[in-house]
Amino acid sequence: MANQLQQLLGQFLPEPFDWLVLTVLQIVALIICVILCVAYLTLAERKVIGYMQSRIGPNRVGPGGFLQPFADVIKLMLKEVIVPNRSNSFLFVVAPLLAIVPALATWAVIPLFPGFVIADINAGLLYVLALTSLGVYGILLAGWATNSKYALLGAMRSAAQIVAYEIAMGFALVGVLMASGSLNLGDIIEAQSGGVSNWFAIWLFPLFIVYFISGVAETNRAPFDVAEGESEIVAGFHVEYSGIAFAVFFLAEYANIILIAALTSVMFCGGWESPFAGWEFLQGTVFAVIANPSLAWFAVKIAFFLFCFLWFRATFPRYRYDQIMRLGWKIFIPVTIVWIVVECGMLLLKIGPWGTVL
Amino acid sequence: MLQTDVLNYGIAAAEIALAVGVCLVLVVDLFVRDKDRDITYLLSLAVLAVTAWLVAPIGMNGREVTFYGSFVVDPMSRVLKLFSLLTVAVVFLYSRKYLKERDLYKGEFFLLSLFALLGVFVLISANSLLTAFLGLELMSLSLYAMVAFNRDSPKAAEAAMKYFVLGAIASGVLLYGMSIIYGVTGSLQFDEIATSLAAGQSNYLSVLLGLAFILVGVAFKLGAVPFHMWLPDVYEGAPTSVTLFIATVPKLAGFAMAVRLLVEAMAPVAADWQSMMIVLALLSLGVGNIVAIAQTNIKRMLAYSTIAHVGFILIGFIAGSPMGLAASLFYSIIYVLMSAAAFGCIILLGTKEAEADQLDSFKGLNERSPWLAVMMLLVMASMIGIPPFAGFYAKWAVLSAIVERGEIWIAIVAVLFSVIGAFYYLRVIRMMYFDPPKRVSTDSDELVPIVAGFDVKLVFSLNALALLALGIFPNQLLALCTAAFM
Amino acid sequence: MAEQIIFYAFSCLLIIAALGVVVSRNPINAVMSLVLCFVTSAAIWLLLEAEFLAMILVLVYVGAVMVLFVFVVMMQDIESATLSARFAPNVWPGLVVGAISLAELLVVVWVRREGLPIAAVPEPHPADYSNTLELGKILYTQYVYAFELAAFLLLLAIVAAIVLTMRERPGLKKQNISQQVSVRKEDRVRVVKMEPESDA
């Protein structure tokens, strides 16, 4: 599809520009998709948690509350952005942008369906790690620039938490890297082809769990949401943000959630691969289509992990700050290191789906 | 450049064993309760023993290289490693009582010592700028932490701070010199650097610049004047058992570093670094011996005495011949033994309430314990260089090497400063024998008792007697040192 | 052509950011300029096909080191007035050092212009060349000894840091987490059976 489009563009534009325009179009399309997903994730969150708490959730705007996200966005856009006195107004405005940019830019290397990725780079995994580690600046600067002690407290908590969990996350990805033998996300998905039994989630189960929980902590979601901690420090780092600036933070948080869900499915659950890929008897029946790799499988997996995020929020009480630190440093990091050693043994003995890597 | 047997792990067996031992001590100590800390102590000694057993057969017959030319074993590395193992063991034996009395008996002391020893080993066996630097940092970083080990002592914290800042600058200077040499010669390996320098294609001025920076780094680590400022403060501020460590093992490493960096890699420009070294050596002899006279704290006095001894070690390098290097090696080993004994005695006489770090603490030692006084007499006499003690042969070997080269004036200056230096050693002896000892209180006749376990006394006696024995029969050790440079 | 535009754009940005580090009066602005410096240098490294180093620069320096830096700077309340007061006596030595550095740079530029031998432009690698893989190969073969030693150095740094900072002070309030986690209902709640006190 992309090639056809490029040929079409090539008729109107000279050599390097057709590529440029095509890439920009792809980026815009992807970002619009992500933002729409964010909009409906907020609705899903309220609906899911509502049903879990025996409520209905928003149901007034549009059929079944379906237009609720747009109502929210319009409301936020019409509100005034108040910049507090004696705050650093430049950083105050820049902070939400610093939060949203890495959350969106990381999508560049995520392969959505076979043969489609915006930037097919060798060091994709490193790119993901590098960009996700940038997200913390938005929160830190927001907390500082606001010139409020609640905001600063939230920012401090968040920074310490993100630095702690980044290490566990990085180690978990080291396990993925070892298993796939590549830093390219497309290759990582290929390495898990051949049905659910080849998914790294099975073979690297502890790393999978650590990665996903660390992902929840990285995004400051419940039960790790001490950075917002509305019952202790009002709303944490974004306490003074209003209107569109708040909306951007909101967008960044949910874009990050979707990103973590997508990354978890790429790294551990085979991305666009089908779980039924190895099932020969499906061939020739109407069900053959479900054994094919496709965007649909990727979407299903992302949706599942997103549901988990909402599920956690509805069911777990908030961790205390020192417990978060303990979990990160004293439990997750040792677990990942131990499992990497175990994985080394499995690789050497050629146990598991990666017999050809070494 | 790539050799076929580039990864010969066998000849690095001692380093690997020591590294594993460090990890073992680290993990075991986690699960040891405070009252069972002896387990860590014994385990550390066991690690030393195993390492010694592995070191002994490696490198006896000539030079072997592994890890793509970054690691070398030769007779010299074997001698130095064996003696550093022995010294660390002696340090542990001395320190146990000292640390226990002062609530410092923690696994970290042994752990950091072993880390430092690993650094010393790496430095001794370094055959490239990269490994030399890593070994040096491994050693220095452990020493910084060890100096600050006693958290309740402001003096120790100050000493550690000074040591750390100056040490970091020295490392930076050394690294800068290394980078210049790497840039000029295009290689990190010592033998290749020597070949490239001998070919003489590199810019002489840049080589000289790099050489000067490297020499400054080496001089700092050895404590040669004018890069000695950290030494007295660190010796005084650190807990005595840490001072004991710093005064001994790192000197062997410093010797090895000078041999590897200057004698092996910089051989083609030997004339240049030797003329720079003459300045360092003479200044060290002068400042060390003269300033030591003014000290009232014996740890500071011994620090300046160290500086003076470093001057002697450098003279062997100035001689440059295999004989001169062998003499320097012999001197370093003897110096380490003397230094260990001297600081051992301070540990032995001190208690938590009354540290024996002032010269006054040695007053009337003869009345308190004639045997210990005789032993200390041996140590001091050896430091002066009176025959038939080991110190005499060490000085004699170094001086004869320099005389053989024809630089008689250096020998004369060295002897003159040694005579000046004899004064402050003799003062200790005078205090031990002719001054009245301190009493428990002014009106009672009771002497302050010496509380020290039998083990410390035994180690101290053996240590001091070894100086006498090596003075009477120096040939074996001298032959070992000579064989290292043949 | 495109590469040159990107290079000069990022270089200008890098210089502006570097100036920002030095010139800005607010420490947070200075630190953030430094962050921008790192990110821009990473981009320039990418142009040099050093993608591994570029990513690691962002990951380690921007993602971890500078975050802690910002953290510390935020904690301290630094008055910019006292800062500039302390800065003033150092102006002249600073200017001298700056002038020398500038002169050295100009000499290097002059040397280049005189056509003295300098390194040739390296051949660009094909698209499937992974310098992460190549770095890994060389690290685990030729430099394996130095690599392992560096690992030990880091272990030592951890141990040393813990030795120097962790100690039991009297009066320190601590939670025993395992005790907290292993607590059971019976330890905390007592169910008392009581007769009603009045039968009103």
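As written, the chains take the letters A, B and C, and residue 1 is the first residue of each chain.
Keep this in mind: a residue touches a chain if its C-beta (ideal position, glycine included) is under 8 Å from a C-beta of that chain, and two chains touch if they have at least 3 such contacts.
Everything quoted here is computed from the prediction, not taken from an experiment.
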item	value
Distance in touch steps, counted as few as possible, from subunit A out to subunit B	2
Top chain pair, ranked by number of contacting C-beta pairs	A-C
Chain closest to the assembly centre - both centres taken as Cα means	C
Length of the line joining the C-alpha centres of subunit A and subunit B, rounded to whole Å	56
Cα-centroid distance, subunit B relative to subunit C, in whole angstrom	36
Mean-CA-position distance for subunit C and subunit A (Å)	24
Touching residues on subunit B, where the partner in the complex is subunit C	2, 6-7, 12, 19, 22, 26, 67-68, 70-71, 108, 111-112, 115, 118, 122, 128, 130-131, 134-135, 137-138, 141-142, 144-145, 148-149, 151
Complex contacts: residues of subunit C adjacent to subunit B	141-146, 148-150, 152-153, 156-157, 159-160, 163-164, 167
Subunit C partner contacts - residues on subunit A that touch it in the complex	16, 88, 91, 121-123, 126-127, 129-131, 133-134, 136-137, 140-141, 143-144, 152, 155-156, 159-160, 162-163, 166, 183, 322-323, 326
Residue ranges of subunit C in contact with subunit A within the complex	2, 26, 28-29, 32, 35, 42, 51-52, 55-56, 58-59, 62-64, 67-68, 70-71, 74-75, 128, 130, 132, 175, 177
